Every structure is written in C-alpha cells, then in structure tokens.
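Labels for the chains are A, B, C and D, by order of writing; each one numbers its residues from 1.
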Amino acid sequence: MNPVNYLYLAALLFTIGATGVLIRRNAIVVFMCVELMLNACNLALVAFSRLHGNLDGQIIAFFTMVVAAAEVVVGLAIIVSLFRTRHSASVDDAGLMKL
Amino acid sequence: MSFPLLTATAALPALGAVATAAVPAARRTAAKWLALLVSLATLVLAALVAVRFEPGGDRYQLTESHAWIKDFGVRYELGVDGIGVALIALTALLIPFIVLAGWHDADPQETGSKRWRPTQGFFALILAVEAMVILSFEATDVFLFYIFFEAMLIPMYFLIGGFGDRAHEHGEETASTQRSYAAVKFLLYNLAGGLIMLAAVIGLYVVAGSFSLQEIAEARANGSLQMAATTERWLFLGFFFAFAVKAPLWPLHTWLPNAMGEATAPVAVLITAVVDKVGTFAMLRFCLGLFPEASKWATPVILVLALVSIVYGALLAVGQRDIKRLVAYASISHFGFIVMGIFAMTSQGQSGATLYMVNHGISTAALMLVAGFLISRRGSRLIADYGGVQKVAPVLAGTFLIGGLATLSLPGLAPFVSEFLVLVGTFARYPVIGIIATVGIVLAALYTLVLYQRTMTGPVRPEVSRMPDLRARELAVVAPLIALLILLGVFPKPLTDIVNPAVEHTMSDVQQKDPQPEVEAAK
Amino acid sequence: MENLIALLIAAPLLGAAVLLCGGRRLDAVGHWIGTVLAAASFAVGVVLFTDMLGRSAEERTLTRHLYSWIPVEGFRADVAFHLDQLSMTFVLLISGVGTLIHVYSIGYMEHDERRRRFFGYLNLFLAAMLLLVLADNYLLLYVGWEGVGLASYLLIGFWQHKPSAATAAKKAFLVNRVGDVGLSIAIMLMFTTFGTFAFGPVLAAAGDTGEGKLTAIALMLLLAACGKSAQVPLQSWLGDAMEGPTPVSALIHAATMVTAGVYLIVRSGAIFNAAPDAQLVVTVVGAVTLLFGAVVGCAKDDIKKALAGSTMSQIGYMVLAAGLGPIGYVFAIMHLVTHGFFKAGLFLGAGSVMHGMNDEVDMRRYGGLRKYMPVTFVTFGLGYLAIIGFPGLSGFFSKDKIIEAAFAKGGAEGWILGGAALLGAAITAYYMTRVMLMTFFGEERWRDAPTPSPAESDVEPAAETRGEYTPPHPHESPSSMTIPMIVLAFGSVFAGAFFGIGDRFLHWLEPVTGHAHGHPPVSALTVTLSTVVVLIVGVAIAWAQYGRRPVPAVAPRGSLLTRAARRDLLQDDFNHVVLVRGGEHLTRSLVYVDHTLVDGVVNGTAASVGGLSGRLRKLQNGYARSYAVSMFGGAAVLVAATLLMRAV
Amino acid sequence: MTHIAAYATSTGEAFQFWVLGTVAVIGALCTVFMKKAVHSALCLAGTMIVLAVFYLANGAYFLGIVQIVVYTGAIMMLFLFVVMLVGVTAADSLKETIRGQRWLALLCGLGFGILLIAGIGNASLTEFNGLGEANAGGNVEGLAALIFTKYVFAFELTGALLITAAVGAMVLTHRERTERAKTQRELAEQRVREGRQVPPLPAPGVYARHNAVDIAGLLPDGTPSELTVNKTLRERGQIRDVSQDAINDLRALEQRAADRLERRGAVRPAERAEEASK
C-alpha cells in the first residue's frame, strides 16, 4: 500500500470537518469540527515527514497540537461566557455585529 | 546645498496649520492672528522665490531633489518655472486676504462645549490648502504632484461642508443639507478625476520608467523614449480628464456652482481662485509637457469644449438668481478662456492663459469677497433681495463695480491684458473660434451689469436701508486687490517677463511655431 | 514738448483719482479741482498747439513712447502717444468744450449732494477720450475706447436711484460693447495680417495685402464706429442716454464720445481707401443714419431727445463724409468741430431751460420763454441757426462742403447720397425750427396743470408731477452756466467761417488725412443754392405747423410715421422682442438643461451605484456561518486556481 | 521496530489502514451529524485515537503518544466539561435556519474535497524515503534535537502562547465580584421586601419510584410547579413532567384488572363442563 493514502484520508477528514463547521449551529460542535480539521492536517504532516524522510513535519504537527490546545482553552472559555450571557451556545445567536 | 527655499515656502503654512489647530478653544482670536501672520510670512517667502528666480535662467530653478520611494523611483523633486512662480505668488498673495475676509466666518454660533473649535479648524484648513497648492505648483515629479493634487481635496471638503453663510434664506437645516450635498459632489467629482489620473500616472511610469519631468523630457529629447501614439493618447486623456474636472471644463463643471454657492465667500475664492488653478496649471505643465503629440491630436475637441464653456457659462451666469452662483458660472466662462489659450498653441495664447490664471484669481477674489461682505450684511444670496445699495453704501458699491468691471475685463484692468492675449493667440491659429469667443466679451458685460444694476442701483429697498458701508478690515481686504488689478492692468511687464521664457519652453515641448503675419509690416 | 502729451491725459486722470478716492472731505472743493484740472489739460493742449504751429507742416507730428505695455513674442503693445494735426484738433475740442461743460456743471449740479463724484466721472471721461485720440496704436486706442464707454456708463446712470437711468446706462454700455467686439476683431485681424497694430506700420503697409482682408478689417472698424457714434443699427442707446444729467448729454453728444467713431474711420483712412466696398458701406450707413436721426428728431416732444435725434443725424453727415474717402475726411472733421460747438451750445441751452423750468423736458409744456431767459434764448438761437446751416454761420460751411463731396462721389451713388444729404438738411431745418418755436415762442403752456396724456412713453418725466400743480417760475440761469453758453455761441457763429474761408482747416489737416478735390457733377454754387433752398423750405413748413397755429399741450396721435418715430422707428421694440425676450428664453432653458441634463447624468450614475450597493448589502446577513461558506468557497477556488496553474 | 514506517509498507499496515481509516471516517461523520454534543465529542475522541494509531504507524511515536495524552486525554475532557456545563441532554435540531446554507456548504465541501483529492492524485508522490535514518537515534531524541536547536525560538514562543491562553481563559470565565456578598439576613430582608416566595422554595417532587431532582413537585391540585426544580435545569428546559404518571399507572392498573376479570368469565363455562362430565 502506498502511504499516500494517509493523505487522502487527511483530505477526507479535513473536508468533513469543514462541512461540519458550516452546517452545525452549536458552537461546541463547530469547535470540535475545527479540531477535526486540525487533526487532519496533523495526519497529513506526519505523512509528509515520512515522505521526506525527516522529522520537520512531525515538529510542525507538534506545534500545531500546542497551538490547538491553547486555542481550545480560549475558545471554550469564550463559549462558556457566551452561554452565561445569552443562555445559548448557538453561533447564529451571536449576531451583535450585524447592522 | 543651498537653503531649500521651495520646501520652506510650502512647509511654513503646513506648520502654521498645525500650530493654528493646536490653539486652545478659548483663544480664538489668537488663532486668527497666528494664521494671518503665517500667511503673511509665506507671502514674504514667495516674494523671495520670485526674486531669486532669474527669467533668463534654465527652465526649472531653485530645484531640490531627494530620493523618496526608491523602489518606484519616486523622488521628492521640486522646481519652479516662470508659470509656477507666478501662480505661487498668486496663492501666497491671496491667502492673507482670504484669512482676513473670513475673520468672523467661523466664529461658533453658540459658545458651548470646549471641544468644539470651529475657528481654529477653519484657519488651519485654509493654511493646509495653501501648503498643498504651493507644493503641487512646485512638484516636478509626477507622483509627488499627484499626491498633493489629491490630498488638497480633504481640507477643501471640510471647508465647503463645514462652514456656510451665517444667515441663509432657507434656514439652517436646508442650508446644512445643501452644504453637505455640495461638499460630497465636489469630492466625488474630483476623486473620480483623480483616480483616472492615478491610472494614467502608473501607466506613465510603466511606459517611461520614471516620474521625473526632467528625466522624461531628456529621454524624449535624446530619443531613448518613444511612446506609441495610442498609448500617449490614452495617458493624455487620463491626465486631462482630472485637470478638466478641476479646471472645470464643460460638461464637468456642475460641481463648481454648488460648491461656490454653499461655501462662504472666502472659501469660494479659495476654490476658484487658488485650487482650480492647479488644474489649468497642470494642463500646461503635464499635458503639454509630457504628451505633446497627443495634445496636438486632442486640440480641436478641447478648443470646442473651451468655447462651449465660455459661451455656456456666460449665458448661465445671465440666468442666475443667486449672486455666488452667478460668479461661479462667470468663472466657468473664464476657465474656458484659460483652457482655450493653453491649447491654442501660440505663445500669445499661453502667456495670456498664464496671466489669465493670475488675473482671474485677483479679480474673482475682489468681486467674490465684496459680494460676501454684501451677503453677510443682508443675510441673503438672492439678487432679488437687494436694490439701491449704492445709495446707502457707496464704497461697497464702488468696489463691487470695479470687481465686476474686472470680471468683464475692462481695458486698463488686469484681466483685459490676459483675455486679449488669449483671444489674439487663438485667433492667430483658429480665427473662427477666436471670433466666436468674442461673444463671451459681450455676455460678460451683460451679466456683470445686470448684477450691478439689480443689486446696487434703483430705489433703496427697506431691508438694505440701514446697511453699513465697508468697515476698515473689509476695506483692507479689497483695496489692495483693486490696486493690484489696476497696476497689473497698466504695467503687466514684470509678470510677462517671468512668464514668457517658460512659455517658450512649453512651445518648444510641443514643437509649435507661432503663425507668422502674411505682410511683414515695417516694425 | 513730447513729455507734455502725457500731461494732457494725466491731469484729468489725476482729477478723477483724487475725486473718486478722496471721500467726503473733498465735497466742498471737488468741483473746483475737477474744473481746474480739465482747464489745465486744455492749457497744455494750447501750448502744444502753438508749438505745433511753430513748425512746418511736415514735422508737426510728435510721438512719445512711454513704456512697453504687453510684450509677448512678437506681440508688442506699447503705451505710446502720437500727436499730429488730427489728434491736436480733437485734443483742443475735447479739452476746450470739456472745460466749458465743467464750468457749466458747477452751476447745474449745485444742488446734487454727489457733485464731487460727478466731476470725478467727468474728468475720467476727458482722460479716456484724450487717451483715445492720442494713442499711437489700436490697442491703446481700444483702452480709451472702452474707458469712454465706462465713463458714459457712469455718467448716464449718474442718477442711479431712477431705474430708467440705470437701464439706460446699462443699455449704452452693452451696445457699445457690441461695437467694441468689432474693434477687437479688427485688431486681431491686423495682428495676424501685419504682425502689429501700431498706426504707423499698419497704415503704411495697408496696400500690401489682399483687398478681402482689408475689407474685413474696415467693416469691423465700421462696426466699432457704429457702436460708439450711434450709427444704424447700433444707435438705439443714444436716445435713452438722455437719462443722464444735461451736461453729460452735451459732453457725450457734442464734443466727445459720439465723435470717436468718426475719428476712428478718418484715422484708419488708409485702410478704407484700399477697401472701396467697405467705403460704400460706410457711406450708406452714414446716409441712413442721417435720415433716421432726422426723422426721429422731428417726432420727439422731449427737448433733449429731439436734440439727440439731431446729433444722430449730424454724426450721420460726418460718417457719410468719412466714407467718401480723401474727398471727405477733412470736411467730416470740420463738421465735427463746428458741430461740437453748436451742439454743445444747444444742449447747454436746453439744460438751462430745464434748470429754469424745474426739470420739465416736454416741449409741449414750454412756450414763450424768450422773455424769461434772454441769454439762453440768444445763445440757443445762434446754435439753432448754425445747425440748420444758416448762410455765414459755421454749420453752413461744414455741411455744405459735405453735401458737395457727396455729389462729387460721382455716378448714381453720388446722386443718391447727395440727395439724401440735401433731404437731411431740409428735415434738420424743420425739426430744429420746431424745437425753437415750441420752446421760446407761442403762448406759455406751462402755466396750467398738465393733463394726463395718452400712453406716450416719452413724456414720463412730465407725467410724474401729479397732485396740485404749482407753475414753474422760469428764470435765467446763473452766470457759471450762461458764460459757457456764450462762449460756445461765439464758436458756433465764427468757427465755420474761420475754418472754411481760404481752406484754412483743409491745409491744416491735409498732411495727415490727405485730400483730393472732388468734382461734383453740378457746380459748387448750385449745390450751395439748393442747400439754402431746402433749408428755407424746411423752416417754412415748421413755421406753418408750429409758428402760426398754437401748439396743443397734449401730443396729437399723429400719423403712423410720427408714432413710429416717437418710438425711435421701432428699433427698441425690435431689440426687445428679438434680443431681450429671446435671450431670456435661451438662458432660462439653458439653466434648466444644466440642472436636469448635465447634472442629471451625474446624479443618475450616483443613484444607480447607490442602488447596487444596497442590493449587495443583503449579502452581509451577519451570520458567521454564511461568511464561513464564502471563505470556504474562496479556498476551493484558490485550490482550483493552483491546480489549473500547475496543469497549464 | 526500527524498520517500521520505511517506504515499503507491510500488508499488516495496509490492513490496519483500511480498517481504522473506515472507523476514523465514520467517527468524523458522526461528529458532524450527531444530534447531541456529547455523542459528537465521543465520536471525535474515537477518531483521534485512530489517528494516534496512524501516527505510530507512521513512525511518529512521540506524536502518537502526545496525541492520546493531549487530545483524547486533555482536550476532549475539556470539551466534555463544557458540554456538561451547557447541558448534556440539550439536543439541538439539525434543521437549517439560514436559507441555502446547507446546500452551499455541501457543495463547497464536495468541490473542495474533490479538488483536494484530485490535487493529491496528480501530485505523483510515489517514492517514500521512509524515516529509517531519521529515527535511527530514536524518534523522541530526534524531535528533541530539532526542537531545542532549530525550532527553539518557536518552541519558546509556544510556551508564551500557552501561558497567555491559560490566563486569557481565566480572565474570560472568572467573574469579578463587584459588591460585598449579601449576608443571609440581608437576603431574607430583601426577599420579604420584594414580597415574592417568602418561605423557602418547595422541594422537588421526589417520589418513591424515582428520586430525581429534575421532577417538578405537584401542587395540591396535581399540576407541577416549576419553582421546585433547580434553576439551571429549568433554563436548560430539562424538567421531566411526571404529573400524568400516577394517573397513567392507575389507568394501566384498571386495564389489567379488567382483563383478568374477563379471563375469569371466559374460563367458567369450561369448569361447568368438567363438572358435568363427572
């Protein structure tokens, strides 16, 4: 089997995640989908590192994880405070900027 | 490296603007005096420029050149030829009078909050405009010129939209809406022109590989730069459109009556006597200087447009009911003369056009400022609201008449010299157009005298019966202008001496010779 | 000597400047300053004259180059003066008669609080007129030309509180302006043809160019002359110009303004000589105006307007003579000078009458005034005799010569022109006699109250005095007014004889204008006799109408011609309908077009842009997810683009 | 196992890929399409574990472990906490509110996916030079060498980033108490002053059958009273209504009773028949 299949898988997962982001209204689920996309990217990176025969890809994937962690922390905090104020976790309800 | 005189001439009013804006709200009068002093100092510097400039010398003098944006070869390049000197002198000369005439125009109606400081803003904006206008007269780098040509619009926008006549016949509400309409119209028209010009500027850089007038001229001279005819024509049109809007040339003129009608008289003078001159000046320097062939190609159409402007503007001036709009349409007619002189491609026409810019500036200033004083007394711009002013305010009426006579270019006053030169210059090459243009002379007499008759003569109307005559400040504004009109009318030689060499350069740019008389009469 | 020339102009100019800028503190002495400076100018003129007489006919010409006015690339306009016999004649006439009128005005304008200003304007007028005749190139002449127009505008409209005066002034300036266009086009043509517009070179080289161009130049000059000298078709301003104070009418009509046109034609003689077609047009214009003015003069009841008509017709004589070429130039100028004397006298007389009749101008409300104002009567009478060409008085000599010259033109033209001139002489005799009789003879019609007359636009000033009527107390005018009249009367009696006998004037002027002796088909004696005959006929008819029968205090309706003549032969109606109405409609419609069409296009584009953006705004629905969709779609597009790039 | 993740992949790995890959995709789809956030979270966790396995298979041992520890261990737990906070049982409808959004989303998704896969397809990545020598000194050591030499700056930055994130999260979620906490007395007085619910809130209707706090207690007339349920549950709309249960039970009881009686009635003639045969 050709390891390029990992890339196909990554692409598939990424697309699914993206579509989820677009479809779901619940902020938490949207957020999960974002995580899914990130993971897809990581998979691709790992596959690349194998492809190139060096570890840089893994390093980048590692950094991605760190950033993802930080992002999740802040994002979830935002969601919580949002829920506190509006009693709803729907992204469509956060429309204050709309004219 | 000698003292950068040109930079100083422009920098002084710019700094003055900042300083004036910074004056605290309570010290309104201080701001006025500061602005007046700065403008006077600028006048001194401008006079210095005129003195240091040798008419016989090379084309651009007092040049300064520093690299600015290396990647695009944009240079901070200043230099003046005779035309530039004349117009810088005009600008620096008019601003003090404008400041003095607008002394009370920006006093806040209600002395309310401390944050609201209209007076400081008014005079700061005027000085800012002066700085930008002077720089655009000095810039010999196309890009540099473009920047100031556009930046000018911002302070003008606020001057037009922010400050109107004290009393308005329709009440403050409609007045402010009309003001903002006029301001937006002014901005949009000029921005549209400016954008098209920007495209042309970039195109010029792509073609010529430089923004510097001298470099392009040299490249043309030694043949290293050949423009394809069509390219040159497109670029020319891009530039000309912007200048035609600014000038303003028919049919791009409709912003001027609104702007001049709604703005206060000093600002109206600033528009028509100072800012619009940049347009005609740029036609002379950039259109003819950069695209001689295309200019020749476009001449017939442009002359016809100019002709239309002359007659059309004069006819509409006759039809106006509003004093300021009347003056505005008269200006449109005069700008038609200027453009005609520029594109007649004869040295008489071009010298005449240059003198015309100066003289029209002074004469319109005289007429418009007196009209402003009149309007500020009665609180109405409608001609029909006046009558018999001559009886109660003879001095005001007299100065108004002289301004009007200058507008109809009576011999002995400055505008006659320029107008006749333009006519002769045009006639020498295009007799028919020259003859039709003389219709403008009659129409000018018509609208001026009708205006004077309706406002000043006849039985005294009760509303004006206790109208005060000109005060000392106002007289100080008008008297020097009138003296200047007469002086330049009987002895314009100093001006022509400065202008003629520059005109010869331009003529050599377009490779045009004056048509020779058929009979060489014994000189 | 040359430097004195500038002084000629400088003196009155200084006066104007001082008086107009001086302000109220000069009110007390203003009129003296003005008069003295005018007199000074006259004195300088006399000095120059004597000096000129001292020299032989050839080097009598003086030129003075002050400075270069407008130097541009081959276009050289200088401020330079040129004083030869022709200009000398005018200088003396202008400054002399001008000074007299100043003196007269001192008395006439005594009760006007703006007298200082009036004298300032008078001085300005003199200065402009002197500049006009002293200039040595057409452009400088143009300056004087327009300056005269300005001064006349100011003077005619001097009583600005009267709307009629303001309108008349505006009308005068505008009509003149039309003429000025002619002059400016002529100058442009000269510049393109000869490369200069100084008298010397242009007139010297006049022969070298094609006749077509010269004809064009000449016709343009004629247009200018028509405007200034109130010749058909630009004569309409002259009648209204009577709105000004009487001294102004005297100044404008007698000595200065209207003669400018004649001066221009005579001065440009070389051009006209080379363009016979143009000359023919000039003569026709002269003849037509001559009759036109005479007819109008017959119908007017307003004394000043009657005199205005006569002026028109007299100028017609001059233009006719000038159009005849070398055979006529001298006589045109000669008639101009004599006319200057007697017409000034007549106007001052009329003014004196009005002064005594508290500004009544309707002759039908005069009558029998000779015993109340004897001096006025005598001087006016002498002027009257002079103008109708009573043998021996100055009008006789000058007019007779012109008629001779007209016949001498030869051919059918000669007969027609001569006939017109004779007819004109007859009509002149008629209407002047009418004026004389209605004013100084007959019963005193001013004693009883005026009855409102049927719609007559001319008698407005009289009709204004309503309410209980206090008859005026006719009295002789103060000496400051009578003295000038007496002096002018002397002039109008003896000038003609002095000039005519022994062709003194001819020899004086010949070196400048050149002269050719015309040979009329009939002997000069016959012409003279016929002139006298028609004169007697005219006087007789007038006597029959106004001397024997009493004059009705209210103008009868009169024949169609009379009514037309009262309305200046419908010239004004034509102007009003065609020019004024048409112009108004044109401007109105243009204003509309400018607002709707030119401006509408722009506003339309603005509106459409606004609508478009309004629709695009709907895309911004504020839902983060729909924005995300667009982002995602954009990403997809980018990917596609990259793939395509790599594929290509 | 140094030769693992060399360019040549064993059939074992292939088998593993196909099986787990299917699981991962299914998990992802469930993440998107599950109604309840909790289920989504769990599915996502599954997907992540599968990914972790893939990392290991690709020779990224360190990342594999980290993936399990950080993602499934930390992040997903965090998600679950938040889900709890917002409401476990709260099921949001998948009905679309924005017009055309769903179709656009699917369209874009399909297009994007197809394009991406096509791109990878014609990228022609055939030769894999494996991680054999890269991982020679051990994968973790290799990573460490890179992180602390080549990427040390970025590494420090991530440290700063994490700190900032933690602080930010606290700032966002922590509520500053602006005024002094009210004492019980004050609270009581306020309640009296406002004059609503002076006595303590009633207890939830806890029956013998199910002792849950999410059941509204019944008022004397048998209608449930919202007051008795905890505020949070109330806001989430998670009140279970059992007011009808008793009645339903009664009805069921009677029903059964009725049936039994019927059966009796049906049996009796048979007995008679038996008696008659004796």
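The criterion applied here is as follows: a residue touches a chain if its C-beta (ideal position, glycine included) is under 8 Å from a C-beta of that chain, and two chains touch if they have at least 3 such contacts.
Please read all numbers here as calculations on a predicted model, not as lab measurements.
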Which chain pair shares more contacting C-beta pairs: A-D, or B-C? A-D
Could you put a whole-Å number on the gap between the CA centroids of chain A and chain D? 16
Just give me the whole-number Å value for how far the CA centre of chain B lies from that of chain C. 37
Averaged over CA atoms, how far is the centre of chain A from the centre of chain B? Could you give it in whole Å? 62
Roughly how far is chain B from chain D, going centre to centre by Cα mean, in whole Å? 74
Multi-chain contact residues (two or more partners), chain A: 18, 22, 25, 92
Multi-partner residues of chain C (each touching 2 or more other chains): 621, 623, 625, 629, 632
If you look at chain B, which of its residues touch at least two other chains? none
Strictly by the criterion at the top, what is the full list of touching chain pairs? A-C, A-D, B-C, C-D
In the complex, chain A touches chain D at residues 1-9, 11-20, 22-26, 28-29, 31-33, 35-36, 39, 42-43, 46-47, 49-56, 58-59, 61-63, 65-74, 76-81, 83, 87, 89-90, 92
In the complex, chain C touches chain A at residues 620-625, 628-629, 632
Within the complex, which stretch of chain A touches chain C? 18, 21-22, 25, 91-92, 94-95, 97-99
Which residues of chain D touch chain A once you look at their complex with the stated criterion? 5, 7, 9, 11, 13-14, 17, 21, 24-25, 28-29, 31-32, 37, 40-41, 44, 47-48, 51, 54-55, 58-60, 62-63, 66-67, 70-71, 74-75, 78-79, 82-83, 85-86, 92, 94, 96-98, 101-102, 104-106, 108-110, 112-113, 116-117, 120, 125-126, 128-135, 139, 142-143, 146-147, 150-151, 154-155, 158, 161-162, 164-166, 168-170, 172-173, 235
Seen from chain D, its contact residues with chain C in the complex are 98, 101, 104-105, 108-109, 111-112, 115-116, 118-119, 122
